[in-house]
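Structures are listed in the sections that come next.
Consider the two complexes below, in which chain A is the common component and chain B and chain C are the respective partners.
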Partner chain A sequence: MSITATDIPTIPAPKREWSRYRHPQSTIRFAVILAILAFLGWSVAFLNIDLSRILGAFPRLAEILATRYFPPDLDYVTDADFVRSVIRTLEMSLLGGFFGVLFSIPLAWLAARNITVSRRIAYPLGRFAIMGSRSIHETIWTILFVTVLGFGMLAGTLALTVFCIGFAGKLFSDELEAIDMGPVEAMRSVGASPLQVFQYAVLPQVRVAFTGIAIYTWDVAFRAATVVGFFGGGGMGWYLKRTTQQLESTRVAAILLVIVGLVLLAEIGSGWLRRKIGNMR
Partner chain B sequence: MRHETIIAEGRAERGLPANPVGAMSILEVRNLKVSYTASGPQILKGIDFAVGGDDFCAVIGPSGAGKSTLIRCINRLVEPTEGDIILFGQSVRPLGAGDLRRLRRRIGMIFQEFNLVNRMSVMDNVLSGRLGYTGAFRSFFKAFPKEDIDRALHLLERVGLSDHIDKRADALSGGQRQRVGIARALMQKPEILLLDEPTSALDPKISRDVMGLIRELAAEFKVPVLCNIHDVQLALETCNRIIGMQDGYKKFDGPSEGMRKQDLDEIYAMEVL
Partner chain C sequence: MSTIDAPVSEHGFDAYLAHKRNRRINNWLLVAGGVALLGWCFWDTIMFDTDWQRMGGALGIVGTIERFFFVDWSLLPKLVVPALETLMMATLGTLLGCILSLPVAWFGAANVTPSKYFFYPLGRFLMVLSRSIHEIIWALLFVGAVGLGALPGILAVAMRSIGFISKITAEAIENIDPKPVEAIRAVGGNQFQVMYYGIVPQILPVIIGTIIFEWDINIRRSAIMGLVGAGGLGLVFFRQMAMFNYGGVTLVVLAVLVLIAIGEVISHYARKAVI
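Coming up: the complex of A and B.
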């Protein structure tokens, strides 16, 4: 039996019309997009950006890299002093990451709206501490600590710690705000203290995510640690500063290669660890 | 106060005392009113009732009647706006944080979504029922006293989970998880049990098993029960007393045998589908 056109029931004519885009909203959306594009265009014109110069910069960059930065001075980066500074950078990132994560957990607890100890006092304090650490860039923290404590790894480590508090604290508190409140309610209703509620109902839910975030924090802290030395915070950054100022370009190239390599290694390592932990969920 | 007159008349017809508030009550609720926000709607509009030592009391009513709010007010998971709650001869509303914790550990609670910690073992979930009685040092190292562990083992056997002690809570089925919830509540040696829709996440057969188990254990441990439940048939089968609620008011209060079709029709009269 074949289906003919007459077998298909006809749909009655619709009583009303429907369109995804309705007048006021669609007009407003269009106007906003247009305004943003206009602003971008005006910015380009106002800043007098010369597109031909930008495009011309790339061949020149390639030429400079090829003539002045090549070949990288690999002897310089295999020197014992430099290798020691790399290890110091690694130590700084580990210490800064460790203490940063350690301090950011209680701060995140205060700054998580759903489980904070008190919404009126602790919550704004926790948020302020995390936001304050975040809002100031790690290089500025380094400069501040160097002025107070003098040059060296202590200043750098402290700057990294503050940086990690801001970085991990934000991610931790976001994670805490997304937990299932059921177990929290259950632990409250058995008469558990706030600390017990945190340990028994909250931590088990976020432990895996927290471990992942902690590893990621270290990864980011390591990247920041390579720069911290530039401002007197200790570690390999100092070598980068000295060689750039002395225009020893082949050495700069070698140091940059080392940084790229190490960051790549850190990223691969942390990614692998986080995947391992993610499977434990 | 039309609804109260109706209830009083209804009780008189069946030869029951007009005032259901008994002398030997463990829990007494007087004129309880709740609004979640100052300007928002009132969820409970003046509820009075009492629960005695051998009550297995069901709170029934259409969704939105305020059943869950009522149960949660008793251990102050929800803060009452007006009225009194007297539990074990103690007024609940003025209690400070410490006293509230000491009161809460005497109240067992079983939840609709079980509220277990999924990534913790069954044993740890059950033991966590003792947290109110466990010091900060012991609880930090999860070093519960031997008698608590023995009690947990006994209760797990009692609810039929002896083979699942070291499994993670999320490895269990719904019915098994609620059994863990029951064991956790009984770990507290509760003097009253609050049940907030303990079966609505379970299928009908398991629901009956779970309610039967709770009734059995409540009788065994001599704990009165206040249970909020939307399955009327199951409530009538399991409970010896019914409180019917509608739109924040109490519409019915009496023994389950005294419940008539017209009482039910009245409780569910305003239900909007």
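Coming up: the complex of A and C.
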């Protein structure tokens, strides 16, 4: 009896599949993804959301826009009072952006870990000021300022200023933390004061970036300025509130068109300016 | 900077000095113009429009601010559910925003767009539209379309986040390294395999980082959705404001701060884990 090749049972090689994550990591990844999915499912159940309504919302929005909002009442937005409010919105955004940038530069200096005056006191203080003004939404700031100071553009401008401090302060301090420390140490070693260090070693490095950020801040502030009036902060937002509450949808549509157009213009303008300044570097 | 773009001419140093002088005059004119513009803005908005009588001097302002300092802690147990709602609204809104921004990013990325003349401008336009309309306005539109509740808040947050997510995603797609794509094509990978093994792994870290960043911002946004009728902490804020319970208002603001601090911690660790 001879053994032929076919009689030998072939032992299948253990199937090995390549996977990017080994045992502990793969389990952790799986658990995290499962937890996120569970949270999402729980949210849908907790908020009592009908998933089919989400998909239905967009056709419905389109239908409402087409039937109720459609012929935008363009006469309303060419009215002198409305044009005046648009100009005031622009003024508010300019002032808010300017003061916001002005106050956020020293705060960013305190909140930059590498060049701050003192890590124990000034750093957390600057960080907290920037974080605090960033965390609270600009509409809440508007309502708070309106409560304290009354209706009008002062409240709106202050709200925009606080908003810009948070927005620009974060970007500024990130930029400051990325600077080359060589000049700073050189200035310090020859006995320069913190202010001299900032003026001669830090500022020249970040001047161009700061200008770009300042322009971008104005762009974002203008977007926010279009709605501060909704809560009593002055500007065109007030017209939006009035027409919305009176259900004059065609006028709302016209105001929305104006907002989109202006924001588009502001974005194109700020993009052009930033590119120009970036080229000067 | 000024030495680089100085004109080179036979006049040499004099021309250079004149050029510098011109630059200085230009800078002064720019600064003077800016100051004049800001001064006019200041006069027109602050001095002209403000009702100084209503404020009642410095004492009146201090008196109003003082009322915010007596924090109404009794409201605290009633804030847990709205805070959770706000967090959930932000999460679901971010998720929906991601799903909706997939086609927008696909249309708006110049190298993979289905049609350069129709879909590319459409994608770009949708990105701008989503970012240029404030979340409050989106919420108003959706409250009109689907009624009160958390749903319009989720939809508004989603619409507002499409712009940013899809813009970053489109830029990431435009900047991918074409070599892996070509390699997969060369060994006979089909269109889906090219997408899944060639493009997705390259853009995934960027996208996840962006999504975490956007989620962080969306917590802020969903905290105000209640102001226009869409649940969460904003609704409690609105009610406390309407009742002139300023201590409660302060507590709601503190709750928003705590929520955002939690979000910041989570997003910090999440970003560390991904990158």
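Side notes on the structure shown:
Just so it is clear, the second predicted complex is superposed on the first by the 256 of 281 C-alpha atoms of A that agree within 3 Å, B and C clash if a C-alpha of one lies under 4 Å from a C-alpha of the other, contacts with A are read in each partner's own complex, and residues count from 1 in each chain.
What we mean here is this: contacts are C-beta pairs under 8 Å (C-beta built on N, C-alpha and C of every residue); 3 or more make two chains touch, one makes a residue touch a chain.
All values reported here derive from a predicted model rather than from experimental measurement.
The superposition on chain A brings chain B alongside chain C with room for both. When both complexes are overlaid on chain A, the residue A:I140 reaches chain C alone and has no touch with chain B. Set against each other, chain B and chain C touch different numbers of residues in chain A, with C touching more. Contact with chain B, but none with chain C, is seen for A:Q199 once the two complexes are overlaid on the shared chain. Once the two complexes are overlaid on the shared chain, A:Q245 sits clear of chain B and of chain C alike. When the two structures are aligned on the shared chain, A:R88 is found in touch with chain C, with no touch to chain B.
Using the contact criterion defined above for the overlaid structures, shared-chain residue A:S52 touches neither chain B nor chain C, since it reaches no partner. In the superposition on chain A, no contact is made by A:T67 with either chain B or chain C. Of the two partner chains, chain B is the only one that A:V190 touches; chain C does not reach it. For the pair chain B and chain C, the minimum alpha-carbon spacing after aligning on chain A is 6 Å. Once both structures are placed on chain A, no chain A residue is touched by chain B and, in the other complex, by chain C. Residues of chain A that touch chain B in their complex: 182-183, 185-193, 195-196, 199-201, 204-205, 207-208. The touching residues of chain A, counted against chain C in their complex, run 39-40, 42-44, 46-50, 53-54, 56-57, 60-61, 64-65, 88, 91-92, 94-95, 98, 131-132, 135-137, 139-140, 143-144, 147-154, 157, 223-224, 226-227, 230-231, 234, 240, 244, 256, 259-260, 263-264, 267, 280. Residue ranges of chain C in contact with chain A, taken from their complex: 1, 37-38, 41-42, 44-46, 49-51, 54-55, 61, 64-65, 68, 84-85, 88-89, 91-92, 95-96, 128-129, 131-134, 136-137, 140-142, 144-146, 149-151, 154-155, 220-221, 223-224, 227, 231, 237, 241, 246, 249, 253, 256-257, 260-261, 264. Of all residues in chain B, only 75, 77, 101-107, 109, 111, 113-120, 124, 128-134, 136, 139-140, 181, 184, 188 touch chain A in the complex they form.
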